[in-house]
Amino acid sequence: MEKLAKSLVVVLILLVVAVPLLGRLTTSQPEIVELRARMPENGGWSQEFIYGQVDVPIKLRMTSDDVVHGFALGQSSQPSVEIFPGKFSNAELIFDQPGEYTFYCTRWCGANHWRMRGTIVIEGPTTADQPTSVPPLFLQLGLDLDAPHLARVIPQNRPDSARARARANALPAGLTDGDTIWSNSPEALWIDLKADEALDDQVIWDMVAWGLNQQGSPGWLEQGRELYTQNCLACHGESGKGDGVMVRDLPPMNHDKMGSEATRPPDFSDPAVLLGASPALLEGKIIRGGMGTGMPYWGNIFTSEQIRSLVLYLYRFQMELTEKP
Amino acid sequence: MGAMEKAASYRFDLTRYAWVRRLLTSRWPQFILRAVTLAGFMLVILTGFIGSPVGSRNFAVMFVWIAWWSALKLIMLPFGGRVWCSICPIPMPGEWLQQGWLVKPGGKKFNLGLRWPRRLRNTWLQSAGFAAIGLFSALALTTPVVTAWIFVGLIIVAVVVSVVFEQRSFCRYLCPMGGFIGLYATMAPLELRPQPDLTSVEKGAAVREWPRGCPWINNPAALKANANCGLCLECLRTESGESMALNARSFDAELGQPGAFRLDEAFLSLGLLGSVMIYSAVFQGPWGALKNAALYAGSPAWWGFAAFFLLTSFGLLPALLAGVSALVRRTGNLGQPLQMVFTRFSRALLPLGLLSWIAFTVSFAFGKMAYLWPVLSDPFGWGWNLFGTAAVEWQPYLLNATPVIEAVLLVAGLIWSGRTVLKTAGQLGVRGERRWAAAPVLLFALAGTLILLWLLIG
Amino acid sequence: MTPTKIISALAKPILGLTLAILALSAPLPLPPTQPVERYFRVEASQFAYSPGVLQVNPGDQVTIDLVATDVVHGIYIDSYELQASADPGQTARLTFIADQAGLFRFRCLVPCGQLHPFMLGKLQVGPNLIFLRAVLLSLLGLLWVLWKKPLPTASI
């Protein structure tokens, strides 16, 4: 009788202890990487580095320990995967070139959301043709990203690229040259055009807007809007004023002294800010980040095409730009 | 006695049926249930430590704070009194060490057998334990690891106390849930009592035998109150077992009769009332600052919350009741000392406390019951699906009806306590035509009810 | 017992029950209100909504903009069974007609951290009738308790 009782207790306790251990052993597969997502305050990704080989699939099994996260690969067209607390999501990655790739979190998980990144290190033989990497335009031009760039010439009304379209035949040739547009601020373009053309100030601003608009690749507006909404809005705000929910407690930006402490973003609704910045400058800031001001660096997250769409989208805070100019 | 009084004191002896008595005296049903709860206890500790940190996907949080705690307050306590204590696994390892055997007492003992210190033979330590858990409740209810640590702490303390002290001293004097369960068991419709027709000879014989046989350190022959009887049923299994009966009774059978109530019990009664108000504000209110203060243990806001919790529950409420008791004592020209008036009125407020806790549970738990299904299939939160219920989505259960249910419960508690307050006033000496002298205490009960109504459905 | 004794014994409980039922169900005289359009900007943070209590009248067209300020939050309104979720930077909008009167809690359905199960707010449509009725019932209950109940003689 006593033996029966003892065996019952032993069996029950063994069951309780053995089931999870057996479960762990039988369900864990060595080739699956278990990645846990946590807010950066709680540790961030459980693995900062994931190692793999060329052409060997990496299987990820992901879950979150606190809030909603997401997983995506930088500079990749693979769709992001949502990661819910307590639920498991899977992703399979395969790389055909060795190198370092960035993975990052795609759902806002607090003020440090953008820091939630990791690296996938792929080893293996390189194939013959590797595209040579071109340095970004701001480096080629030697731009000082932290120098003040407030415009002094301001348009009376919002520049409208559609108004300029009506005079398409009379538009100067320089306005279609990509290098020119990307390397100069709208104010600089305006000053150049004003010197050559004897036209109304507003008309010239419209032409500058048209010139910028030409640089948009198909689908840029939607792409720019999506990127801005998912990545930038929370800090830069719905109207670009720099009043997003994430930066409420920060001091306002000082344009003269771009320091290295976190401040609010600049006010894009102020014409002086955007019109004095060349697309190359904006592209550079997006790529490099803010050196301690809190602006994240996106160089290894977005492709050049994405960044260009985003830059054009930013100008929409000051100009009317459309999908098909 | 009036018809109502007769009905209230009617007892139905369930053990008059031989099969009931056999079921209760056999050790197997209770042992099997306790073995299962012990396995559950171990599972809680295991899932708490190595399972998912997400509370709603972890067995530890869901089955302790939602399933067990709700079952305790909604079913076990109001209808069975201390019936959980009869199947609680916490004292089991200690008992095995004491008895030397798993099932039947007897055999080699690992036990010093010391008597619990006289000064601590009350509910002060239980109040302290309950308050301590209460201060960390926001953390414990949402963090599996904290729940696991609490359980580990409980079992270690229980084992140590069992080895040093006699019998179930842990259960009787130390268990944090024990104070809560014991006091509210006063209103339960179930009791274990000596047969009413015991002769004094039989009582005398029992007295000699039962102190050895009652692990809760009671004298069953003299048992008059539910608070300290843990329904372990050992007295039924002794040679004098026939002299004990398990009675079904009305809810008001014990509370309606005058009964002694110590100062520590009075403070616990009021402390529990204060606790349910604060729990309602923290967990069911819309005030984020209060929730964060309760969560971040160790922060300055938390210290403020802790001070507020303790001062209100164990300071302000007793002070207020003492004040109104003094008023009643003066206007009713009562001869008893203030302490007695105070403690008796605290006892009369027990129904309000119990029904408030039930109403709070309805508000708190119904919205979370649906998470139990996925956790059954995936107790560790590792992505398992043992019973196929892992993907069951959340849905609201009865959320439309809960405000009405809570209102009815709270008003019922007020009425029950109100009647008991008047009875108590009469028992203390307030004469019939001066019943309004008891109004201050009734107003105290009304104020408490209104506060709870506002917090839960306001 | 004679019939009159039975009736007099039952009179008090029956009267009490009738009053209780009346208190719970009788229509209370309330000033009629015109439905209007209401807009609320509700900020959700860990772990509360701000404002936490929304007051509207029955029939109002209610628009709630959910603004998440730190992590992804959601909103689910009991009884109405409406839900939305918002990322910081992306406001979610819920528009509905408040056709059910009473007190409804809204809760966060997107796991947003430790106290997520207790992230609650209240939507009050019309006056809080159930609360008023409960208060009325409490007062009636106390009066009923006090009415002509013979107190036992002193025994302690």
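The chains carry the letters A, B and C, assigned in the order they are written, with residues numbered from 1 in each.
Here is the rule we go by: a contact is a pair of C-beta atoms (placed from the backbone, for glycine too) under 8 Å apart; a residue touches a chain by one contact, two chains touch by 3 or more.
All values reported here derive from a predicted model rather than from experimental measurement.
Contacts between chains leave no pair untouched here, as each chain touches all the others. Of all the chains shown, the one with its CA centroid nearest the global CA centroid is C. Here the CA centre of chain B is 28 Å from the CA centre of chain C. Measuring from the averaged C-alpha position of chain A to that of chain B gives a distance of 56 Å.
Computed centre separation for the pair chain A/chain C is 45 angstrom, with centres defined by C-alpha atoms. Within chain A, the positions touching two or more other chains are listed as 64, 66, 85-86. Residue positions 111, 114 of chain C are each in touch with at least two other chains. Under the contact definition stated at the top, the residues of chain B that touch 2 or more other chains are 54, 56.
Residues 43, 67-72, 87-91, 110-114 of chain C are the ones that touch chain A when the two sit in their complex. Residues 31-32, 35-36, 38-39, 42-43, 46-47, 50, 52-54, 56-57, 101-104, 380-384 of chain B touch chain A in their complex. Residues 3, 54-56, 138, 142-143, 258, 282-289, 291-292, 295, 336, 340, 344, 367-368, 394, 396, 399-400, 403-404, 407, 410-411, 414-415, 418-419, 422-423, 425-432, 435-436, 439, 442, 446, 449-450, 453-454, 457-458 of chain B touch chain C in their complex.
Listing the residues of chain A that touch chain B in their complex gives 1-2, 5-6, 8-9, 12-13, 15-17, 20, 23-24, 27, 61, 63-66, 85-88.
Those residues of chain C lying in contact with chain B across their complex are 9, 24, 45-50, 52-53, 78-79, 81, 102-103, 105, 107, 109, 111, 114-122, 128, 130-131, 133-135, 137-139, 141-142, 144-146, 149-156.
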